[in-house]
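Below are two complexes that have chain A in common, paired first with chain B and then with chain C.
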Partner chain A sequence: MFLNHFEYFAPQAAKDALDLCDRLGAKAKILAGGTDLLNLMKDKLLKPEYLIDINNVDEFKGIFYEPGKGAVIGAATKISEIERSEIIREKYFALHQAAGELGSVQVRNMATIGGNICNASPAAETPTPLVALGAKVVISSLSGDREMPLEEFILGNGETALAEGEILTKFLLPEPISGSVSRYGYIGLRDAMEIDAVNLAVNLALGEDGRIIKQLKLVMGSVFPRPLVSEEAPEILIGKEFSAELAEEAARAASSESKPISDIRASAEYRREIVAVLSRRLLQEAFSAAQGEV
Partner chain B sequence: MKQLIALDINDQIYEVPVDPWDLLSDVIRKKVRLTGTKKGCEQGDCGACTVLINGQAVLSCLTLAIACQGKKITTIEGLAEQDGRLHPIQQSFVDYGAVQCGFCTSGMILSSKALLDSNPKPGREEIKRALSGNLCRCTGYKKIIEAVEVASETMSKEGVK
Partner chain C sequence: MGVWDKEQYVREGVPPFQDERRFTQVGKSVPKIDSPAKVRGEAIYTDDIVLPGMAYGRIKRCTEHAHAKIKKIDYSKALAHPGVLAVLIGDEAPKKWGMLPQTANETVLAVDKVRFNGEGVAAVAAVDEETAEIACDLIDVEYEPLPVLLDPFESMQRAGEIQIHEDAPGNILHEGEQVFGDVDKAFKECKYILEREFKTNMPQQGFLEPQAALANYDPQNGQLRLWSSSQIAHYLHRQISDVLEMPMNKIRVTVPTVGGGFGGKAEACVNEFVACLLSRKIGRPVKVTFDRSEVFYTNKGRHPCHMKMKIGLDADGYIQAVDFDNTLDKGAYAGWGIVVLFYSASMIHLPYKVPNARFRGRCVYTNKPSMGSMRGLGGVQPRFAMECMLDELAEMMGISPFELKMKNAVESGYTAVNNMYVPHTEYKRSLQKAVEKSGYLEKHGKLPFGKGIGLAGGYYITGTAYTLYMSYKPHTSVLLRVDTEGGVTLHCSAVDIGQGSNTVMAQMAAEALGVHFEDVHIQSHDTEVGTFDLGTFASRLTYATGIAIRDAAEKINGKLKEIAAGLLGCRADHLAIKDRKIYSIYEAERKSMEWEKVVEIAVNTTGSLAAMGHFSPPRRRGFDLTSGKRAQGANIGHSPTFGFSCQIFEVDVDLETGKIKVTRVTESGDMGTMINPMAADGQVEGSIVYNLGACLYEDQFFDKDGIHLNPNFQDYKMPTIMDMPEMDINTLTDSYDPTAPFGAKETGEGAVQPTFPAIVNAIYDAIGIRFTEVPITPEKVLKALKEKKKGK
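Let's look at the complex of A and B:
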C-alpha cells in the first residue's frame, strides 16, 4: 500500500508549525501519531500535498497539573503517556481508563490525544470521557489562541470546528470538584483491538453527606455523530439521594435519548440497550467510589 | 525528491536515500535489507511490522522513515548476540513451540521485549494485554504466552536485558 507524494515538514517550534499551517492551508495535513492519517492516505481518502509533522514541537506535548486549577494536556501527547500518568489516574480516572482501551500497545505509543479528537470518529475512546470531565480545547493560529468546550469542537463524523490555518494545541481539564468521581466503560465485539459498539462516561459528585448527588454528567459515545451529553439523567438524579431505582430510571432515560445507527458492529436496538446497561453500571460504580471519597 | 537520511538500526548507522512518503517498514526491508520485519495488514491491526523505537513498540507500517532520524530503532535482527546465541525470548519461543509459520514471531518477540523491559515479571493478563496488538493465526496464543512467562523467569535469573 502506497502513500501519495507529498512534501514533509518537521518544525521544532510552535511558531514555525503555525506559520506552515497558515501558509499551506487546506493542501496540508497535520501529522501527529499517523495511525489514522496514514491509513486514510493509504486508502486514498486523503491526498495532502504537504504533511506538517508536529511531533518535534515540545510546546504541543506533555501533561501539566496545577492544584486548584486543573490539568493542561498538549495535543501531541501520546495516548500511552496519558495512560501511564499518575495525575490523570488520580484526578481524571475516566480518561485514564479510556486511554488504556484505545487500540493496542503499539497504537497507544504512536497515537496522540489531539489526533484522536481531530479524527472525530463517533466511536473514538477519548472524546466521551473528555466531554464528561468538562474539557476545553485550545485552538492556535498565527492570529492567536481561541478556546471552546470540546463538545462544541466536535461537529460530527470526521468534522471539527478547526478552520484552515489552525492547529488544535491543548486540552484544558478543570480541577475536579470535591467529592467527584469519573468512570468510563465500553462494549465491543471482543476485549482487544476492537472498535467500541458503545462507550460511555460518567462524572458524578456527591454532597458532603455522601448520599445526595450534587453534580452529574453522563456522556454517550458511538450512538450519535458526536459525543452525546444526556440532559435527562442529571435532571433525574441531581439533588436526590442515590438509589438503584433512580439509577435505573436515569439509565433508561439516557437510552431513550441515544440515537444510534445499525452497522457492522452492532444494531441500533442493541446499542440502545447497552447504553442503559453501561449507564446503570457506571452510575453505580461512580456512586460507590464517590462514597469512599467523602 | 530523495533525501539521504541516517537511520540507527540495531546500533548500526545506515545511510539511505528516502522519499518523504517511504514507510519505515519498506525502508527496513527493501533498502536496509533486514527482512525479519514483516508486513501483514499494512494498516496497523496485525502487529507483524512491530519494531522498537527508543525502546517502545510501534508499527513500522504507519511510520514515515524520514521521521525516524536520530531515534534508536530495534528490529528482530538486533536481539541475538553477535555469535548467534539467541535472546532468551527468542530461545523460549523456540523451546515452547510458540513459533509455527513464523510470520507473527518478529512482532510478537519485540512486543514481548518491550513488555519485559518495563515490567520484568508480568502476570498472564498483563502479557495478554501487551500482546493484544499482535495477531497469530497458528498457535492460539497459549504457547506464546507460556514462552513469554518462561523468558521472564530466564531473564530475571540471568540478569539479561
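Let's look at the complex of A and C:
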C-alpha cells in the first residue's frame, strides 16, 4: 500500500529533465500521469529512488498538426486531450476512438499517451492504433534525439527500447494518405474501465475508383506480448477489390497469426475467434467509411 | 381471501378523518437527510475519525496458502521495530465468534491453522500506518501446507483424508431435509415434469467503503468504545462482549456514516475485534481500516449453489410438487450458513402455490473466503432455478410464462404448506403491470433471432420472525421524545447503510405525531444513545421501526390529546393530529389548536414527553400443514409480510462475439406503501444493476491452490455507469398492506430476486439456449451458440 521513500523532482524545462535522467539513470523513474507507475509502486513491484515528474515540461506536451506533414504529439499529453482533439478525430480516427475507451474520465484526465506506451502492457489501448497509423517515436537524451517506428520501440510485456537516461518525448504521425480511413475496436466484458480481451485497429486506403484497396495495416492488441501487425491480411487485400468474402478471408488469416494466451479474462480460443470477428467488422466499417471519403 | 379484502380497497367515499391512508409525510419523495453531507464530502465515515494518541492496526495475512498448519510465528523483529506498540496473535483471543452462536467457529486470528487464502494470522499496532505495514512484513510465519479443497463435492468426498474443521466430519456444516405433503405421490399424478440442474457463482457485495473500525479502551474505567462501519450494531456489540469477555454494558458501539453494506457488513469483522483487542492491550485508541484486497480476502459474499430442482404441473398447469436439492459452498467458516441453507429451502414455497414440497440441502466447507449474507440472502439462487424452469414448463405446455405464473401466483391470505403466511400480496398485479408496460406478450417469441425478452418474478421477506440467538424480546424499540427545546427526537440504534432508514424513520415519526418531516431529529447508529434494534438485514427496518414508532407516537399523542381535549372542550378520542395542528375531526374549523402550543402546555405542567414503542414479529412455526409434523429449520423463512416484484428484461445478443447487451428493463413491484418513492425507486434500480453484474460477469476466481486471483476492482468486474440499461420502474402506487405500518413492506432485497432468471429467460428467447450457470460471459454464449449450430 505504501510507496517506498523517494526523492521527487519536477523539472520545468526539457533540458533539466534530460539532465536529471542522465544523472540518476536506472535509480529514477519518469512520472507522467502516474496511473500505472503508482500502482506498481504501491504493490512494491517498483521501488525507484527518484521520481522525475515531467508534467511541468511544456516541450513534452501538446498536439501539433501541419498539413501535408502530419501530427506531432508530445509524450506527456493527456489522453483526454487526445480524445477531445478535433484534428486527431479528423485525421487519426482510430486513435481518437482508442483514447475515448481508455479507463474512465478520471483516468483519462491523468493518464498520458507516453505513459500508455512506455508501460507497454499488451492489453493497452493506444499502441494498436498508433502502430496502425504508422507512428514513430522520438527518444531524447542529453546526447540528442533518435527516432524509430513504434513497432520497434515496444519489445514485449513491459519492455521498451528506452535506454538509461532517455525520455520518450514525441510521437510523429505521418499525414494519412488520401482516401485512407482508420478504425479501432475492442471486446471486453463491460463497457467502461475494461482491460481489453482483444483490441484491434485497421488503417485502410482505397484507390481513386473507390473499390480497390491501395493500402492496409491491421494491428492486433492483447494477443501477443506487443502489438502484432498482420502480414497476411494486406497480402490478401491490397490491390484487390473489396468484398465481404475477401474481408472474411483476411480476418481469418489475422486470427491464425494471433498468439493469444488464456487468463481470467478470456481463453486463447475465444480471443482468436474475436480477432476474426473484430477484423472483419473493422475492415468492413473502414471500407464503407473510405468509400465516403473518395 | 385473508385479512385483506378487495372491498376495503375502495377509498372513494371514505371521509378523510377516517382514512388512515391519507398521509401528509409518508409517501413523499423528500431528499434523504444524509445526502447533502455526502454530496458535499462532509459525511464522516469511520476512517475519517482521528483521536488523540490514536495508533494504527494492521493484520498480517497468509497470502501464500489457502489451507495450512501454522508451525511457528516469530514476531520478535516486528516488536523490536521502532514505532511498533504491540503484536497480537490468535492464541490471545481464542474465543470463537459467528453470527449464529450455535455454530460460531471463527477466531479473530487463525489459531493453529489457516483455512482460506488471506486469513489473518497476526496483527500489529503502530504509531502510523506505514510502520504497521512494515511490522507485518517483519513477522515470520512458518506454514505446513495442507491439501486444498475448493469444490464442495470434492470436499465431501475427500473428508476422510482431510478435514477443514475438526468438529465437522464430512466437511459438512449442516445437512437438512424438509418434507411437506407427499411429493412422490404428487409427481405421479403430474402431466408436465421438468428436472434441471443449476449452478451459481461467487459474487461479493462490492460496497465502496472498506471495513473500518476504531476502538478506544479506557483503562481507568474499563469502558470500551467502538466506532465501526457495520450493519449490525447489536450483533457486533454481543460478539465483542463475548470475544473480549467484557459485559455488554461496558461497551458502546457507534456506527458513523456507512458507505454501503449489501449484507457484507452484516457480520462482525476481524478488524473490529483486532481494534478492540489492541486498544485494550496498549490503552490507546486503535484504528484498523481494510484495503480493498482485504475486503476481498475476508468477503462474505453469496454462497455458490449447486442445485437440482424438479417441478411437476398437472394437466391444467397448476404446480403440484417441487423437489429441491441444494449443495451450498460455505467457504471456510460457518457464519450465516445454516440460515442461508434454510432460507433457500423456504424460497420454493412462494410466490406460487406449491402443495407438496421437499428440500434436501447441505452446507459444505471449502478453503475459500466464508460466504455470508449477500443482498437477497438464500433467495437469488433458488429463484433463478425456479423462474427459469417455469419459463421452460410454460413452453412445454404451449402457454405464455406470464399465464403460467398468473395461474399459480399466491393471493393475500395464503398459507403455504410449510405454514408460511402471506397477509397481503399484489404479486399478480405486479406481473400484469410489467407485462403491460413492456409489451411482453406482443414481443415474447416473436423478436428476430438475437433479440429476446424474458420475464421473472420474485418475493422476499420483510424482516425475520426470530433472532439468531434464543430470545423473544422485541426486535426493535424506539424512544420518542417531545419537548419545547429539542422538538421531536427519535432514538433507535438502527443503522442507515445508505438505503435511507433514517429518512424513512423521520417521515414515519412525523406522520405518526402529526408534525413535519423536517421537525424530527434522528438519534440512531449507536447502542447507547439509541434504543434496541436487531440490525440492518432481512429488509426489516421500515416495517419494524414503523410499528415501534407508531406504538410510541400513540402514547405521546394520547397525552397531548387529553390536554387539548380539556382546553378545547371536547372528547379526546374526537381529536386528530396532522400538519402540526390538533383538531376535532367533527368540528375542525372551531376546535383546533397549534400542536406546539399543546406541547408547551404539556411540558409546563408535567415536563418533557417521552414514550417507548416496540415491535415484536408474530411467532410463526414451520411445520407440514398436511401432517402436522415439524420440519427442521422450517421456522426460517417466516416474516410478518412479504414484498413481491416482476422484472422483464430485453437483451440483444451479439451472435459473433457472444456479448449480451441489456437494452431495457421493465419492473413492477409490490412493496406496499412507498414511504419515500424516490428512495424506493433507488432501491429497485440499484437492485437491478446489482444482479445484472452478478449474472453477466461478476465472479471470484481461485487457482488450484486456492489463491485468490482477483481481489481487486480491476479484475473483479462490476457494472459501470456505461453498462446501465434503460429502466422503467413501475412500483404499484396503490398497494397497501393493512397489517403493515402505514401499509409499507419491503423492497431492499425483493427487487434483486427476479434479475437472474429474467435475463436468462430473455437470452433463451433471443437465441434458444437455456443457460443454467451464471455468470453468462460472452465466451460461454459463443461456445453455446457453436454447439447449438453443430447439434443441428
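In the analysis below, the second predicted complex is superposed on the first by the 294 of 294 C-alpha atoms of A that agree within 3 Å, B and C clash if a C-alpha of one lies under 4 Å from a C-alpha of the other, contacts with A are read in each partner's own complex, and residues count from 1 in each chain.
Methods note: a residue touches a chain if its C-beta (ideal position, glycine included) is under 8 Å from a C-beta of that chain, and two chains touch if they have at least 3 such contacts.
Because the structure is a prediction, the values reported are computed rather than measured.
Asks: Between chain B (first) and chain C (second), which, if any, makes contact with A:103: first, second, both or neither?
Replies: In the superposition, A:103 contacts chain B only.
Asks: Using the superposition on chain A described above, determine whether A:1 touches chain B (first), chain C (second), both, or neither.
Replies: The answer is both, since A:1 touches chain B and chain C.
Asks: Between chain B and chain C, whom does A:193 touch in the aligned arrangement: first, second, both, or neither?
Replies: both
Asks: A:264 in the overlay: touching chain B, chain C, both, or neither? Say first, second, both or neither.
Replies: second
Asks: Quick one: name whichever of chain B and chain C touches more residues of chain A.
Replies: So, of the two partners, B touches more residues of chain A.
Asks: With the two structures laid over each other on chain A, which partner does A:273 touch: chain B (first), chain C (second), both, or neither?
Replies: second
Asks: Do chain B and chain C touch any of the same residues on chain A, and if so, which?
Replies: 1-2, 104, 191-193
Asks: For a test of understanding, state which residues of chain A touch chain B in their complex under the given definition.
Replies: Contacts found on chain A: 1-8, 10, 31, 34-35, 38-39, 42, 51, 53, 55, 80, 103-107, 109-110, 191-193.
Asks: Along chain B, where are the residues that touch chain A in the complex?
Replies: Residues 19-21, 23, 42-45, 47, 50, 56-59, 62-64, 66-67, 111, 114-115, 128-130, 132-134.
Asks: Can you list the residues on chain C that touch chain A in the complex?
Replies: Residue list for chain C touching chain A: 129-130, 133, 291, 656-657, 659, 696-697, 701, 709-710, 714-715, 717, 719-723, 777-779, 782.
Asks: What residues of chain A sit close enough to touch chain C in their complex?
Replies: For this pair, the touching residues of chain A are 1-2, 104, 187, 189-195, 264-267, 270, 273-274, 277, 281.
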